[in-house]
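As structure tokens, the structure follows; a few thoughts come after it.
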Amino acid sequence: DMHPTLWEISRPGARGVFPPSVSGSTDFGVPEVSMRDSPPCLPELSELEVVRHFTNLSHLSRGVDTHFIPLGSCTMKYNPKVSDKVASLPGFSDLHPRTDPEGMEGLLEAMGTLSDLLKSLLGMDAVTLAPAAGAHGELTGILIARKYFESRGETSRKVILVPDSAHGTNPASASMGGMVVRSITSKPSGHIDTAALEKALSSETAMVMITAPSTLGLFEEELSEVVRLVHKAGALVYMDGANMNAFLGVLKPGDLGFDIVHINTHKTLATPHGGGGPGSGPVGVKSHLAPFLPTPVIVKMNHVYSFANPEDSSSIGPVRSFLGSTGVLLRALSYVLLLGREGLPRVALYALLNANYLKKKLDGVLPGEGPGLCAHEFVLSAKPLAAFGVHAGDLAKGLLDAGYYAPTIHFPLIVPEALMIEPTECESKSMLDAFAEDFSRIVEKAALHPSEILSAPLRTPVSRPDEVLAARDPVLKDPTVSSGNLRKD
Amino acid sequence: MADFIPHTPSETREMLKEIGVDRLEDLLAPYPKDHVLPDLSDIPSGLTESSLIRRMQEMASRNKAGGSVPIFRGAGAYDHFIPQAVSPLVSRGEFLTAYTPYQPEVSQGLLQVIFEYQTTMANLYGMDLSNASVYDGATALAEACLVAHRQEGRSKILISEGVDPDIAKVVKTYVEGVGCSLNPIPLVSGKTRLQDVIAHLDDQTACFVGAIPTFWGTVEDFSGFADALHQNGSLLIFHANPHSLAVLRTPGSWGADLATGEGQPLGIPLSGGGPYLGILTAARPFMRKIPGRLVGKTLDREGRTAYVLTLQAREQHIRREKANSNICSNETLLSIQALVTLSLLGPEGFREAALGSMKNARKLRSRLLSIPGVSAVWEETPFFHEFILEMPMESRELSRLVLSEGFLSGLPLAGYPSPGGKNRMLWCATEMRTEEEIENLGRTIEKVLARHGGRKS
Amino acid sequence: DMHPTLWEISRPGARGVFPPSVSGSTDFGVPEVSMRDSPPCLPELSELEVVRHFTNLSHLSRGVDTHFIPLGSCTMKYNPKVSDKVASLPGFSDLHPRTDPEGMEGLLEAMGTLSDLLKSLLGMDAVTLAPAAGAHGELTGILIARKYFESRGETSRKVILVPDSAHGTNPASASMGGMVVRSITSKPSGHIDTAALEKALSSETAMVMITAPSTLGLFEEELSEVVRLVHKAGALVYMDGANMNAFLGVLKPGDLGFDIVHINTHKTLATPHGGGGPGSGPVGVKSHLAPFLPTPVIVKMNHVYSFANPEDSSSIGPVRSFLGSTGVLLRALSYVLLLGREGLPRVALYALLNANYLKKKLDGVLPGEGPGLCAHEFVLSAKPLAAFGVHAGDLAKGLLDAGYYAPTIHFPLIVPEALMIEPTECESKSMLDAFAEDFSRIVEKAALHPSEILSAPLRTPVSRPDEVLAARDPVLKDPTVSSGNLRKD
Amino acid sequence: MADFIPHTPSETREMLKEIGVDRLEDLLAPYPKDHVLPDLSDIPSGLTESSLIRRMQEMASRNKAGGSVPIFRGAGAYDHFIPQAVSPLVSRGEFLTAYTPYQPEVSQGLLQVIFEYQTTMANLYGMDLSNASVYDGATALAEACLVAHRQEGRSKILISEGVDPDIAKVVKTYVEGVGCSLNPIPLVSGKTRLQDVIAHLDDQTACFVGAIPTFWGTVEDFSGFADALHQNGSLLIFHANPHSLAVLRTPGSWGADLATGEGQPLGIPLSGGGPYLGILTAARPFMRKIPGRLVGKTLDREGRTAYVLTLQAREQHIRREKANSNICSNETLLSIQALVTLSLLGPEGFREAALGSMKNARKLRSRLLSIPGVSAVWEETPFFHEFILEMPMESRELSRLVLSEGFLSGLPLAGYPSPGGKNRMLWCATEMRTEEEIENLGRTIEKVLARHGGRKS
């Protein structure tokens, strides 16, 4: 069974760590009506109990540090420990974000240097480091596009075209940015249907959002034609750079004609994702879009970086507080500086090597998308196993028992029973060989003894939690803790 | 000098052979030939670990950061006590290098921790529930306003001038995109008057946003706000500093529908501005309307307690353009950090830290007011741990001079709308400040003013 | 099965971390004959592989951070994380031990402060921080005694009397110090047999080594009489302070008449033991023994600490390199400063509370030593279970399955089938209640279903490794790695 | 302000009741009434975590430590590259807070790591086996000499003057206790001559101890030593710097019976002198004679690979006064640290680090010799990464002056026997030193000498 919660082991009156001491009167002139009438119901535990609780719970989670995580499109590569060290240097970690610019020269240089490096790697003219995650970068990109067209008086351009193979964040971001989303059906091959796209383009089209390489792990055959058509229609082309690991150092999105691109530092630049976040989603744009970047903007004058927060600019405004997730961005900078011009192209080359090798090893095990070379990931379909009552999710559970995390399942939506596998450049041939062998064995077993796979996982602390029960009358907090919502008045 | 690629040359050769190509570069065949392997000469050569540390240490040394510089500035980011046990726990690889817990069987630790975080935040804010976090306080408030907008399709958002003006700008960026307007409600002596809110209510009013405490440090009485808003079909939203909620009345008990906050004060390093923690809590009726991940408790097929991501039907990967939000990554690691911090402090320690902040802020205020030419702005308005003073010098210049003496002063309010002003500063003292630091700051300001003539500019 | 070793996963040619780069010629004028002819056979792995290896192996070990460790006499209390932080401050961790004294003022003040605090807590006149562990402190104490008697011309005093209940280190240390060891049989109650001791005392007796509280967790009833007799015989009394947690802040060994005492910082002062070490074993002595303390000595003049290494002193000489295990001692200092005069006596009081409470809860489950109050630990005997074929070690295995570490077993040797249990002050009542319940259940099961206990542990990665096989033809290194002992000439 | 006691007042009361006493102090009944609860007024009040950090940070700031001060001193402790991945792994609570692995079933991780450490050290020293560590290099050598003494009961230990004189003192402390004598073999031009060893051999000679490299930095040719000693029934022991063994010939290949070393150079912080790592390796015949823990590989009752503490019959807790040594605690955590470091570096990285040290030492030597008045002591003797120079000033004074300029110079050899001397210094450069640091040091010395007249005293 699971560990008890913090409140289940809480003992009223127990104390953990003492903050700097306070003594004397605690009447500070705040009227009773504005004071809390009972303390928050925090757990009461000794320091040791807290340490044990979290240490033992950590054993019940798998990270890159413990397991191979072949989650497609998530690029779970090694997160260098040296980058953590850099971010924790007191000069960075104890820096107040509202320090006068004279007091944050070092941080500004770091952020300015990262911007410059990303400009080069993305082939773009300007970069913002503000967005807190990839999806946040998308929203930023949408707002930039919107502001751009407003500045040109083309206020009717409100339509964003999104291929149906795109990440769900693309349409969601477009919608959040107040745009109208139109989905474009992909070709049976998974590629963009250029003809359909051309037909959809109009004077109302603001932008087309393209994931490159595609969510099938394929490079769009007709990308240059697509870009030409969109530009011809007066619209912009956006690249969802979630899969940028496939291009890093070997292909610059700007060279392909993209106007805007975002990347996810926790994917491409090896910053740790911490179980769901933090992330960071820098956005690069071509020069015609630079004036619209969010504030604050880092500027370089006479080799010195500073930041500007111009009130009267054409900027879309700030998209978050302060300069950005600098603790994450320092890790991204560390990664780029460590690899340098020699190492960066190797990332993409070996990501491609690993994906193509594993794809080859799994050839014939399950049908895959795209017959030739893939990019950094590939998609298999578990559809043939449906006849045995086994689905993609069941194979995933089998892989958990075999000592891996699972691939991304049921995505992209256009592939039935999809399993999206991304090995990254950081996994060794031995690991890929072992995975291929285990994967093949599981698929084989699924056909011969489906009940065994359906009963997986057996080696995990829980198995197949009831998600329907969870969603029916959701329990979102420890029921032993009272609801705080007293609604006094 | 590192690329974290494990392959040996012979392995690479074997793998290429298995794929059926000769060279690594052959794998680039699907890419446009014109553009592959571009010039990277503007990117420097790779550094070794020790060169990297040297270089970054050099940059870090050019920042005036806490530890070497006592911090008397808050304004949305605070130098609070972080127990030393936090970092070794949060930086454990199992948490640090995990992805979103899509596979619950191998993510129970992470899921339980998020569930505990949700429990803590819901209780701290006095609300029914909390999500698993959003990016930061500003985007949390923006998302809450969007929830209010979507609720009835109303587009008018009333926002107290007590809300951090920089956060209001972020909200503006978000809500203008979907056609909403932001309408400021003035602050009078540091307080939002109910009559001013009522005067702005109409059938397009989606919500009112108040601050606990205000950006300017004051603590308000929000009696009657909930009734007035709810009668108008509008929502009540608070943006609250979670540290203050150790002692101040909760959004929930003021009758809030949604409440947000910046979680940085809960054990998260200042770190130059991020990553921080967006707290988003809600009353039960908004459970299916709020964005972000939610972890729920359930049973597995053996009847064992288990935790899972739940209500995913709200999310972007299922609902796409009809999703509640585009949010995908959140700030889970920071939510763990806040949870560990609060678990170590417990209710009593947490309360003591808040009271320590209040006490030190009052000591600081007295000391600064003892300096000739320094005067209070609001004499009577209750405050938490921040307050505005009129200084006898242009505030940005004073800040620079004081920083060069080794103290981060209050925030210069030159350039801010009222109650900001050219010579005004927003001062803060947390429980971390000592008597000695306050006294040394006082003397430093006296010295600086004496040297520079304390000129009113 | 166990994880593969580093060499089993090693892949020749793989690289991990790169040191600062070296380029150019590597002929540095060392003749071929003095150069290594093949590189050492280190594992060849990527950084990620190394991180995974050690992270996953860590999951297979239990520490205080994960489990209750009731190991008697080992005092496995909480190791404060703040102490780790203090030791890792760069001003300490990057300090060269041969820095000129002007460059190590801070460290000297820290060490001097700790010495002063220990003097007070031990009730002794002088302290050395040099010994690297408790046993090392014992050896130091023996050498001090030896030198003391030499200085007095009493060179015939070579006999050290050690009760048979003492830690095995006592006789071993005495023997290493060139002394002759005589064992004194304890009374059936486990206490020192004062009469027997008196009989053994002679003009050849140098010292009597007493563990206080005793290894049975009892305070010697006749201690003051014992001390009087030994001193009367012209010998010294040594206190083995491994169990000092029972006295901390409530009783000073110096006040009891001891001439020499060592403590173990990883027991009493909460420094982490790291799976077997590091430790640190400060030794306190009365003023007549101070001249014989090992070099270097920290001295305080005009409130400033410095250190002396007098060549012509009466010192026994250095017992290790440099000043001591300062990284450990800084943690010990941090602990003492955190607790202060208020907290230190609480340590002993609550250590006694926990031990007596648990003893009471286990009353009647197995026979215990000493009917009344115990000190910080207590000893049970599993002898009644021998009839069912179950031994102390089997109960230990049952406790492993129940989620604990095991008590110390088969020690002290004078108690058959001993289980020595020390809860420390850091475990909560809830933990002790749970342990008592599990312990009782296991004992009950041992009588009713002995085979179940004999098959324990079942929930661990391995069970009952064959120790005889291990010792028969020992495999002390990975057999896949060649012996390096080429013996060329 | 902390005591890490989890009890609530009511729990304490319940527990006292169960025991049958009224007050905590009643538990002290078995202790002598005259002495319990002594006066502790000379011990200060407890500090909070943040006060402690402040206080210790203040002390730390008064140390001239690496990072802020480039280190050109070795003499037994070295500023080498420590990969950043080491600390997060070694400081994991499961390793850090574990006890000696008495219960193998719940200690397999630790036991396997120690087994891997033993493998690494045996191979690095070219020996058949290694124990699990002893306290430090000095005590490792002392223990090795005691093994030699016990072997045949011989009491004469020959020790090269190439061995660190401070380590020789520790050996003396140890061996004199059991009646052995330490007999120095002189160093001629930095080398121990076989003829001098042979001249000292007799039927009481237990062993000869040589150094790789010598304390003074030189690298010797020990051809013929093993034969000469073994023919006399004496053992050959080497004390070797493990960092040097990346490139220098191993003790094993010189025919050593036992070999020891200080493991600090293998990824262990300088830390003001400890905790360090005592390496003790041996040829197979000495397997049951050496002190310290040994981990062996075996099978569990299901036939699974398992690791256990083995050959415990040698140890103090079994053999008591007849044990091989009194050692109980060792330096396991530090041995893990060394193992992780070497695993990350691999053979190539380890070799590069050693070559980097050699290269930098030569650059340093050239730069220093370019300063007028500085001269070499041994022109021709090969050296590893340390060397002696004659400086134009009293060495202790020069060291102080250079330190006040922000550099830790070579070790002043004033007070040391020959080849030490008043104006001599033992210089070291590891792979961590940069060209810039070497040049800046050179200029600083030039400045100091100019200012102080470079007087020969």
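Note that the chains take the letters A, B, C and D in the order they are written out, and that residue 1 is the start of every chain.
The rule we apply is simple: contacts are C-beta pairs under 8 Å (C-beta built on N, C-alpha and C of every residue); 3 or more make two chains touch, one makes a residue touch a chain.
Source: prediction; values computed, not measured.
The interface holding more C-beta pairs in contact, when C-D is weighed against A-D, is C-D. Between chain C and chain D the centroid-to-centroid distance comes to 20 Å (mean Cα coordinates, whole Å).
Centre to centre, using the average C-alpha position, chain B and chain D are separated by 47 Å.
Each chain gets one centre point, the mean of its Cα atoms, and the points for chain A and chain D are 46 Å apart.
Chain D has residues 1-2, 4-7, 11, 49-50, 53, 57, 67, 81, 83-85, 87-88, 91-94, 432 in contact with two or more other chains.
Those residues of chain A in touch with two or more other chains are numbered 11, 14, 17-21, 44-49, 51, 55-56, 59, 64-67, 78, 80-82, 84-85, 426-429. If each chain is drawn as a node and touching chains are joined, the picture has every node linked to every other. Partner chain A is touched in their complex by these residues of chain C: 9, 11, 14, 46-49, 51-52, 55-56, 59, 64-67, 78, 80-81, 426-430.
Residues of chain D touching chain B in their complex: 49-50, 53, 57, 67, 81, 83-84, 88, 91-93, 432. Considering their complex, residues 1-2, 4-11, 48-51, 83-85, 87-88, 93-94 of chain D touch chain A.
Note for the complex: chain A touches chain D at residues 11-14, 17-21, 44-49, 51, 55, 80-82, 84-85.
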